[in-house]
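Two complexes come next, and they have one chain in common, subunit A, joined by subunit B in the first and subunit C in the second.
So, the complex of A and B:
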C-alpha cells in the first residue's frame, strides 16, 4: 500500500480548510428568526401520569411582541416539547427559558426528576428561575392568554432591575438541584397565581425539601428569608403600627455552637432603614424598638414552622458543617435541626429620618 | 558636424522635443543638446551668458569656464545620451571632442510643497512630501538639522534608473536592520522598484504578507519623529511619501501628532483607535455568531427585537452580511476611483438610498445596517491607510469562522489574527514590538 504523501503546504492547507467546513456541522444552524424562543415553561402532570408542558412564547408581530401559549403532552418533558415543536412552523429552542413554572400538585409529588432532567440536558440554562403555580396550570395559562401581554412580562416580574421585589424569593434551577442533594440546605420557591387586577400575584413561598413541597411561608416571611440570604431587602417597605420604613441594606453575623447534639446559633442582623411614613406621634426610638420586636417575633414564628417541617431553607446547617461529622450530617434535618436554639437580635439603624424631628 | 553630435542626433531625433541649438559662449562655438520638455532653454542660456560674462571680465581662460559650468567629458556618447534622458544639458564645444554635462534650469514639473492629500492633521505641521525625492530629503534635513542624519542614495533598475534614498540617524538606527537593508539593496540593485511590491521584492520581503512591511507617511513631521525613534526612512523618486521601516503594530494606534495634545487626551484618542480596530474586527462576526449560532447569549429582549428585525429576511446571516459587506467595499472602492466632484453623490446613493431600500425590500435586517455603519466608521479610525485595508481584510476571516463556530469561532479568529501578527517580522524585529521604556519621545 502506498502512503499518501502531501505534495505541498498548499494541499495540506486546503484539506485542513475543507475539514473545518465538513466537520463543523454548520448546516444545522438555524437563524434566530427561525427559532421560537419560549420564555416560560409550565409543567404539570395529567391524571394518567403524563407531563403536560406549556410554553409561553413571545412572538414578534408588527412593531410589537405578542404572547402565544402552546401546550403538549408526553411521557417526558422533552417528548412533550418535541410534540410542540413538531406542530409549529419554527423549531422550539429552550435556550432562552428564564422561568420554569411547576404546578403545585406536581411539586407536592416531587420535582426531583424534572430538575435533574433540566440539569442533565443543559438545554435550559441552569440559571432559570423555578416557581410554583398555586393554580391549575391550564387555568393559569388560559387566564394569561386572555390578557394583552407584553412579550417578556413573566420575566420582568422576577427581573431585579424591573419588577422584582424583596418579598419574592429568587431560586434558580441549580439551587433546587443542590438542595435535592444537600444535607443541610433547602430552598424556598415563589408561589404564583394569576392576579385579579395585576397579571400575577405572589401568594407566598413554597418550601421545598428533597425536591418536594412541604410547607408554605407568607410574603413577610419570604422577606426575612431574603434578608437572611443577603439578597438584601433593598427597597422594601415594612409596615408597623406607627410607621413604614424602607430597608436599604443589611448585614449579619452568626456565631454557632454545638454542645451534646444541641446546636445553638446566635445571629445578629443589622438593618439599615429609612423612614417613609409615620402615623401619629412617634419617635425613632419607638420605631426601632417596635421594628425589632416585630421582626424577632416574625422570625421565631417562621422558624417554628420550618423546624416542624424539618426544612432548612435558611441553610443554617451550613454553620455546623465543620462541627458535625459527615456521617452524622445526613441526620441534620431530622435530629439536630428541630432542636436548634436561636438567639436572634435585630439591630436597627435609622439612616434617614426625613422631617420627623422638626415636625 | 562633429561625430559625437551626429551620433546623439541619430539616436534621439525621433523625439520631437529633442533640441539641438548652436550658440556662442565666451567666443567659442557651442552646440546645446537637450530635451526642451525637461530643460528651460531660455533661462539656461541666460544663466550661461551671465557666467561667461563674469569670466570674461576677470580675464580668465575659457578652460576655467568649462570646468565651472559642469562636468567635462571626452567622447563617451552613451554617457551623454543617458545624461540627456536624466534632464541634463549637453554643451558640446564645436570642433573638439569635448562636451560639458550641465545642470540646467529645468522646467517646472514638480508640485510645490503642499498640504497632505491623504492624511489629515488637526493640530500640527501641514506640509507634506511631494514627488521630487530631492525636495523630500531637503525637507527632512531641514527638520532634523543635525549632523547625525545620514543619507545614502542608490540608483536602481536595469534600463530606467530610479533613485532610492535611505535616511537614518547615526547612533539611533538599528545597525542590524541597516546592514540587512543595505546588503539587500546592493544585491538586488538591478530590480525594478517603481512600486512598493517591487521594493518589497528587492528587500526580500514575502509577497503574500497581508500587512505591509512599510509604514507610509506623507507628513515630514511624522517621518522625522520615526527617525528619532531609530527607524529608517526610504524614499523612492516620484513617490510622494516616506516609507518607514520597520513597521510595527503600535503604528496603527499611535500618530506622532497625538503628542501635540495633552497627555490624557492623547491616551483617550489612542484608546478610541484601539476600540475602533476591535469593533471593526468583531462586530460583523459577532452579528453572525449571535444571530445564527449562539442566540442564547443575547438578552431575551434583545433576542426578540433581533428576531423581529430579521423577520422575512430570506438569506442566512452569513450570506446577508457578506452581501452587504461586498456592497460596502464596492462603495469604498468606487469613491476612491471617482473624481472628487462626484464622490459625495455616490456616498449618498450608496449609503442612504441603498441602505434604506435594502431594508425596505427585506433583503437584510435593520440591525445589520447599524452594524455595517459601525464597522465602516470604526475602520476609519485606524492610523494609516495601508493598515486600515489590512484590517478590512481580516474581518472576513472572523465572519466566516463565526458563521461556522459561533462565538468560539469569533474568539479563535482573533487568536488566529493575533498569531499571524505575532509571526510577522522585519529582519528579525517582531511586528508586535513595543517600546516599553517610555522614553521614546525625547529621541534617546
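So, the complex of A and C:
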C-alpha cells in the first residue's frame, strides 16, 4: 500500500532543499577556534566557601603547544568556569577535560557535590581521572606555569600507554561517585605535588570514603591496592635488601567466612616476578621468602590503617555480599569492616632470572 | 506473497531495542533493591505469553488485520477494542516524541531547543510512514544492517567495568508488584508487538521466527538492568536517571579512536526509535482511514503528526511526562491483555462456527 504519491519531483526537491536549513544545525554554534578546551581542571575552596577553579589550557603556538593557566571563582563550579569564560576572548568548553585535580583541603571537607555535579551535567566525561593536590593549588599551578610544559603532560602522567606506573591509582569520576553511595566500596586517589626535578611527584594516595578524604597511603601501599584490584602490577619494581624484582603478573584467590559479625578473609595472592638485580650472595629461595614477608607485613600495615579509618578501598565488603543481608550491608563499613581479620599469603613464582643464573 | 519473516524479526528486534535501553533499566532498578532478575523475568514471561496468544489468535484469520477482524465481529466490539488501541497509539507517539527529545537534550544536544528535535523526529517518522508498510520494513532492514552491529558491540563492551559480586544478594521478593515504576517499565514489553496484527495483509511471517526474535531480546532485557547494577551497585545506580547510558559512558576503550562510544550507541537507538514511531503512526493511520475512508490517508497522517507535535508543547516538564506515562500504563495493560485474548477468543469462536457449518 502506498499512502501518498507525490505529484511532481519539484515538490520533493523543494522540501529537500528546505531541509538543508535545519540539517546544518547552525544555531548557537561556536567554531572550534573560538573555544578553549582545557585538559586539566583544578578545584579548591576559598576561605569564604567559594570554589576557585583553575584551568590548564593547551595553546598552539607555532607548531608547538604551550600551556596557559587561568582561574576564576564562583559559588558553583560552573559559575566559576563561566566567570573565566566571560573574561576570556573565547568560550570555555569542558568537553575534553581528562584530569580533575582537587586541593587536599577541599577533599578533606568532602567532594560529594563536586563529583555529583560532574556526573549530572555530563559535560565532563565520567571517565576523567581524579587526583588530589597535596599543596596549595595557587602554588602548584604557578610552579607549573614557570616550567616549559608540553600541552598534555598531566594527562600523559596517568595515561596507561604513556607515563603510568603501577604505583599510581587510576580512579575515574564515576568510581568516586560510586564510592559516595556504595555500601562496600571506597576509592584511592593519587596525591600529587609539583616535583623538584620532574614536573610532578606522587606522594602517595588519598583514601576517599563517602566522598571525603580520610586517610593517606604510601606509594608502596598503592601498588598493593592496584595489585589487589588486578590492575596489572606489570613493570613494577620491588626493592629488597638483596634484590629487586619486577612483578609481571598476579592472580588471587579469596575465601570469605563470617562468624557472628566477625568477618574473616583468607587471601592467596600469586605473584609472578622476574629478577632484575641482586646484591651480594642471593638465592632464589631467599628472594621468595623475603618478598613474601615484606609484602605480607606491608599489607597488614595498610589494612590496619584502612580498618581504623573504616574505608574499604579494596572492596572487601564485596566478598560478604552473599553472607550479609542488604539491610545489614549498609553498616558494613562501621560494624563489620573494622573487625575484619585477614590472612594474607603471598606465593612467589620466579618466572625467569635473566641471562644470569642465581643459585 | 513472499515470506518476510526476516523483516518482521528485525523490525521486532529494533523497535524493542530502542525502548529497552533508556527508561526501562531505571524503572526496574527503582522498583526493587535486590534480586532484579525476578521483575525482569516476570516481564519477559508476560511478554511471551501474550505474544504467543496474540499470534495464535491471528493465525485463525489469515491475511486479515485486526481492524477487519474486529469490525467483522460487530460494531460494539470494534469500539471496545479499536478505540483504546488508537488512543494508545496516539499516547505512545506523544510520549515517545516528548520523552526522547528530552533525553536527547539531556545526553548530548544540551543547547538545541526541544521543538527542533521534536520536529525532526516527527517529520522523519511521518515521512517514512507515508511511504507505506513495505518501506518501513525495508528501512528496518537497512537500519539493522547499519546499526545492529554497533549496538551489539557496545552492549558487549559495557561489561568492561562489571563486578559480578554486585548481583548478590540474589534472593528476590514480589515487593516490586506494588511499585508504580515497575508497571511503567512495561512499555518496553508492550510497545512493539501489536504491529504483528497490522501487517498480515501485506507481509507473511512465521510465528516461530517472531518467537525467536523475542528470545533474542531476553539478554538485552536482563543486562540492560544488570550492567548498571553490576558496574555501580544498586545504591548508586538508583540515583541515576538513565542507568544504562551512564554505564556506557564509563566504558574506556584505549584502542578505539572515539572517546565517547555513548554517542554511537544513542544515535543508533534514536534511529530505531524513529522507525518505531513511523510504524506506530502508520498503524494509527490504518485505523483512522478505515473509519474515515473519504479523507486521503496522507492528510490524516499530516494532521495526526501536527496534533502530536503541538500537543508536545502542552507538556512543559519531565514531571508531566512521568504523569502521562503513568496514565498511559492503564491503557497499556488493557492493550497488552485484552487485545491478544480477544483475538484468540474470536478466533476460537470462528473456528468453532466453521467446523459446525462443514458438519
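Following the convention adopted for this analysis, the second predicted complex is superposed on the first by the 330 of 359 C-alpha atoms of A that agree within 3 Å, B and C clash if a C-alpha of one lies under 4 Å from a C-alpha of the other, contacts with A are read in each partner's own complex, and residues count from 1 in each chain.
FYI, contacts are C-beta pairs under 8 Å (C-beta built on N, C-alpha and C of every residue); 3 or more make two chains touch, one makes a residue touch a chain.
Only a predicted model underlies this, so the values are computations on that prediction, with no experimental measurement involved.
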{"item": "Subunit A residues touched by each partner, larger count belonging to subunit B or subunit C", "value": "C"}
{"item": "Partner chain(s) touched by A:325 [first = subunit B, second = subunit C, both, neither]", "value": "second"}
{"item": "Partner chain in contact with A:32 - subunit B first, subunit C second, else both or neither", "value": "first"}
{"item": "Contacts of A:125 with subunit B and subunit C, given as first, second, both or neither", "value": "both"}
{"item": "Partner chain in contact with A:21 - subunit B first, subunit C second, else both or neither", "value": "first"}
{"item": "Touched partner set for A:341, first subunit B, second subunit C, both or neither", "value": "neither"}
{"item": "Which of subunit B and subunit C A:315 touches, first, second, both or neither", "value": "second"}
{"item": "Contacts of A:86 with subunit B and subunit C, given as first, second, both or neither", "value": "neither"}
{"item": "Contacts of A:181 with subunit B and subunit C, given as first, second, both or neither", "value": "second"}
{"item": "Doubly contacted residues of subunit A, that is, touched by subunit B and again by subunit C", "value": "125"}
{"item": "Complex contacts: residues of subunit A adjacent to subunit C", "value": "1-4, 22, 25, 27-28, 119, 122-123, 125-127, 160-161, 172, 174, 177-178, 180-185, 315, 318-319, 321-322, 325-326"}
{"item": "Of all residues in subunit A, those that touch subunit B in their complex", "value": "20-21, 24, 26, 29-33, 35, 37, 39, 58, 60, 65, 93, 95-96, 98, 125, 151-152, 155"}
{"item": "Sites on subunit B touched by subunit A in the complex", "value": "290-293, 295-296, 300-301, 303-308, 310-311, 313, 316-317, 403-405"}
{"item": "Residue ranges of subunit C in contact with subunit A within the complex", "value": "33-34, 106-107, 110-112, 116, 119-120, 129-133, 163, 165-166, 168-170, 202, 231-236, 239-240, 246, 249-250, 252, 254, 259-260, 285, 296-298, 301"}
